[in-house]
Amino acid sequence: MSKSEKGNGEEKGKVYLADLDTVAEEAKQMLMKGTIGKMVDWANAFSLWPVHLMTSCCGCEIGAAWGPRFDNERYGSLPWVSPRQTNLIIVEGTVTKKMACSVRITWDQMPYPKFAVAMGACSLDGGIFYNSYNIVRPWQVIPIDVYIPGCPPRPEAVSRAIIELQKLLRNKSIASKWITESKREDMKNIIPKEDLCGWRGEKVDLHTRFT
Amino acid sequence: MVGGEKKLISIQDSLKNVLKDNIISIEQAKGYIDVLVPTDKLVDSAKKLKEFGFDHVKSVTAVDYIAKKQFKITYHISSYLNEELSKYIIGLSTIINRDDPHLPSLSKIWVSAEFQEREVYEFFGIIFDDHPDLRLLLLTPVVAALKPLRKDFVVKEESDNIEVDYAAYNATKWW
Amino acid sequence: MASNISSGSVPHLPGMEVTELSKNTYEVYIGPAHPGSGHMRIIVEVDGDVMVRVDPDIGFVHRTMEKLAEGRDWIKNIPLFERMAILDACNITLPYVEAVERLLGTEPPDRARYLRTLLCEINRIASHLYGMGIFGVFLGHSTLYMWAFGDREVFIDLAEQMTGARLTHSYPVFGGVRRDIPDDFPENARKATKYMRNRLNEYAKIFLNNPNIRSRLENVGIMSKNLATELGIVGPNLRASGVRYDVRLNEPYEAYGDVEFEIPVFEEGDSLARAWARVEEIRQSLNIIEQAVDWLEKHPRENFMHEKFWKTAPKLYKDVFSGQIDYAGKYRVKLMPLFASLKVPPGKAFARVEAGRGEMVYYVESDGEDVPYRVRVVSPSFRNVIAFKYLMPGHRLMDLPAIYGSFDYFPPEWDR
Amino acid sequence: MNVWYLIYRVIIDDIIFYPPIYQFLIIPGLIAALIVALIIIWFERKAAAFVQMRYGPREIAPKIGGAIQLVADLTRYALQEIIIPETVDVLPYLLSPIIMIILALLPLEAVPITSIRTYYPIPPDYSLLIAVALSTLSPLFIIIMSWASNNKFAVVGGVRESFIITAYELIAVLGFLSVAAMTQSFNLVQIVNLQMSGKWFGLLNPIALLVVFIAVLMSTSGFPFEIPDSESELVAGPYTEYTGLLYGLNMGGAYIKRWVFSILITIVFLGGWAPYRPTPGIITGYFIPSLIISIKALIVMAIMSFLRSVYGRYRVDQALGIAWEILIPLTLVAFGLGLAEAYFGII
């Protein structure tokens, strides 16, 4: 009842029983404090499914990292096909200006809680292509949690990144934090999507979040 | 090697026979034979070379001679089906004006040149007339407008001390 | 956004222009973040279940190598070009090295030629296995993917013993190679070839002769000899269509004139033939590896670098090769100091080699400076991409992965 | 008689072991299906890993080989954000996964899992027919789901699904009915009783078993018929737009469908509770036979899952060709074989 008059003229004349948004928010806060928060962290730590998003040549080592010799499926991580069902992006090396838009859209299509790993020297600061005219740094496109240096990083390093992310999840409980907050603080350093996707010459509005 | 040299000379002779007075100059470069023809006779020469047996294009190369104000376009062609010709690579080149770069497209003659001509178009801004599908291939329109492979587009120089200005990165909108 | 950009002569972009579709068709965008595409996009117009127009939209991994090469020292361009296809690193950089060698007028010594051949073939096997693995997963056959990637590790290990790096070897340098093989290498190489021969039979059992996979691949994506020639297809895909063209055969480079091998040629030109062509090529590469290893074992260690560069070698190199220090393969590799200030005489050079996916072509132009004036790279994948446009229409949508995978795509290579 | 004992009896007899509830929710219903999904998905990943020279899921619980991997996955799905895209048709989009999962479980209400009369959920006279008929309902909601998603990949996946259900339904129904022709009865209890002597119909009529097995693979999009959600061209098929809990329901629905069919196969072809003869009493008459059926069905499902590591997937027109040109004649042969066996009194 309390917040039913949100001020928009369109919403006059509608009767609100309660503001579902605030109620849902409060319920979330309550849920996440106890064991459920811990469960979320635990489940996310052992179920880090990277989305199939190949941005550059480090993809070779990603293939090897989930291959038989290095087998990252041991940590419960399974490469999955569709962004809607995954919770991890691994940015494999250079992100070009043409690809940046796709990376961003894929990130937006994924449900919270979601994490990002940037792989390779190119994703740190351009690497060998630091003076190229067609690249962006991945940290300008999506917020990154773990960086893997190397050009290309060995598959062991990818496994290490998965373990580091698991540690972050278990010790700092970032998964449950993001569910309650529904957004990330470090998004403010990111190039806005209109700039990333502006070259497509179309009105890009893929803001599909329901909350 | 001596036999090879002889053969090269003989292929030069047969090229001269095929192209006759289309040739401005013919020169043995390292690894290929550079045949320079005038722009208006490019299509004619290409047709003759195709009949002679050169059936595909390996590379369409444009070089920007900014000092001379001209582009040199080279079609590196060779043969798959003719085993004798497949040992040679012919560079069919022509020189065009840098200010108004126009060139007849050869992708009707060699389909394998289609994508490569599109690529040259976007990197140099060279327009291929009669190209069936002249669109951008690799770049976004914003980057392609810079015509990046021309010599007057300069990237940041390489240096041993990489300076990273994060504030500048955040401040600039890249496109 | 688009309005304030002075786009000039740049009217439109694949996939972004408004095209009128006929009544019963729809467009499917496969990629770039799509499980069946990798780093590219294929815009497919589908009528019912049949593709009527296919438009490859590439360039998502264009890292501007040609431009960057114009601003870097000659030697520093080798690691740069390697990033095109790090899984096939030696083959990819070799034509650049050869072209520059032609300009310099330096011929590598025999040992270097054999070492390069050895690494090229190891890389070729690794690259074919990678392609086959990806092909397997496109058809839903995850076991082949895993097997191929597991067996690829064997050859990556060999390359690592040889050069010290898993993928980015930077092995061939102007006038020779970076270092010699360790002492136990021939033994390991023979073990690996023996193992791989057995495995290839198992691949045939589970994948190529599997009735399920055969029915997916037979008579799909048939590319006739003439079409393949017309489109300028390269590599195993060309030879699967019945064209007997291989740079190793037509213009032998390095040690390929001295070793014995066959070029497998298939007449069918369908996806299955392209898959078989790779398997047979792996067999031939195993033969070449064995021959090269035999040669290297028979001949004593000598300098693996052209005299001109060897003269400036660090003392450590010379000590090792005069027998004063045991060769362990563990010391830090240093490049010859001459490379740092190398200036290449003016001229134009063109070089081609047969890389894993096909013919790799470099055009190098020098104006006598310490950086190249122009380097033009045409990679095999770039010449294969045109096939999608002309080959796919008429097939069903589910044939797209079967054709696409059979060409052994690798977008970073064709985007450079 | 104390009160607690009465309440205990009521809970046990009238609630837990009340046949509709027991079969729908406990064994072989929802709870058993969840446990089975846990085991089967783990087995699927582990078996594939074994063939592929890997470990598979392990680090989550190293001592038991990562067997609780699915718990983590499900928990993550259940507590992930649910994205509802602006373009979807909200009501069908939300409801169809739930309805699908209920309808997928519904055939279990028609299947008697013991020969004791008091534990039939419904009168078993036409139970085979009813079970098969109910099993054809849930695929409709996959089509609704794909349509409501308003996504090209989903729609194409839905179209493929509809092609395939029309093909497999006929095969599955005819395949099951060939047994009815043998026994001249639709009564599942009678069918199982006839198999008590060890002459399982799977052995007497292997063609029918094979045909039904393949039809089940097709209907539940198992390899080599994983066509509606074939990932290499349609990202996740009809489920492309689903996130979180809803996607979990979808995946659960697919497994439950396969589970229900496995139970039907077990009862019809593999002797049901066959070596065991139920005697009156809750444990001996109801619990143990249901357990036997579940274990047999689990083995059937394990075989289905293992095919993933051997086969790729067929093209949609090839799968339909296999269905219409090979399997349907084969089904008729199976039907004829059943009639012939009944005529010569082999049963």
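Each chain carries a letter (A, B, C and D) given by its place in the written order, and its residues are counted from 1.
One rule holds in what follows: contacts are C-beta pairs under 8 Å (C-beta built on N, C-alpha and C of every residue); 3 or more make two chains touch, one makes a residue touch a chain.
Please read all numbers here as calculations on a predicted model, not as lab measurements.
K.L.:
Would you mind checking the shortest number of contact hops between chain B and chain D?
P.N.:
2
K.L.:
Would you kindly say which chain has the C-alpha centre located farthest from the C-alpha centre of chain B?
P.N.:
Comparing chain centres, D lies farthest from chain B.
K.L.:
Would you kindly tell me how far, in whole Å, the mean C-alpha position of chain C lies from that of chain B?
P.N.:
Spacing between the chain centres: roughly 22 Å.
K.L.:
Calculate how many whole Å lie between the centre of chain A and the centre of chain C, each centre taken as the average of the chain's C-alpha atoms.
P.N.:
Result: the chain centres lie 33 Å from each other.
K.L.:
Using mean C-alpha positions as chain centres, tell me how far chain A is from chain D in Å, no decimals.
P.N.:
Distance between chain centres, rounded to whole Å: 35 Å.
K.L.:
Roughly how far is chain A from chain B, centre to centre by C-alpha average, rounded to an integer in Å?
P.N.:
43
K.L.:
At least two other chains touched by the same residue of chain C: list those residues.
P.N.:
2, 5, 13, 34-35, 59, 62, 64, 67-68, 71, 146-147, 150
K.L.:
At least two partner chains per residue is the criterion; list those residues in chain D.
P.N.:
52-54, 231, 235
K.L.:
Which chain B residues touch at least two other chains?
P.N.:
138-142, 148, 153, 155, 157-158, in rising order.
K.L.:
Can you tell me, using the touch rule above, whether these chains form a line, ring, star, complete graph or other shape?
P.N.:
other
K.L.:
Throw together a list of every chain pair that touches.
P.N.:
Touching chain pairs, listed by label, are A-B, A-C, A-D, B-C, C-D.
K.L.:
So in the complex, the part of chain D that touches chain C is made up of which residues?
P.N.:
The contact residues of chain D facing chain C are 48, 51-54, 152-153, 156, 223-224, 226-227, 230-233, 235, 308-318.
K.L.:
In the complex, go through chain A and note every residue touching chain C.
P.N.:
Touching chain C: residues 51-57, 59-61, 63-64, 67-69, 81-83, 94, 96, 98-99, 102-103, 105-106, 128-129, 131-135, 151-152, 154, 194-195, 198-202 of chain A.
K.L.:
Spell out the residues on chain D that touch chain A in their complex, using ranges where they run on.
P.N.:
So the residues of chain D touching chain A come out as 45, 49, 52-60, 66, 69, 71-77, 79-86, 231, 235-236, 239-244, 247.
K.L.:
For chain A, which residues count as touching chain B in their complex?
P.N.:
Interface residues on the chain A side: 97-98, 125, 130-134, 136-137, 140, 189, 191, 195, 198-199, 201.
K.L.:
Going by the contact rule set out above, which residues of chain A touch chain D in the complex?
P.N.:
Listed in rising order, the residues of chain A that touch chain D are 36, 39-40, 42-47, 68, 71, 73-76, 81-82, 84-85, 87, 109, 111-113, 179, 182, 208-211.
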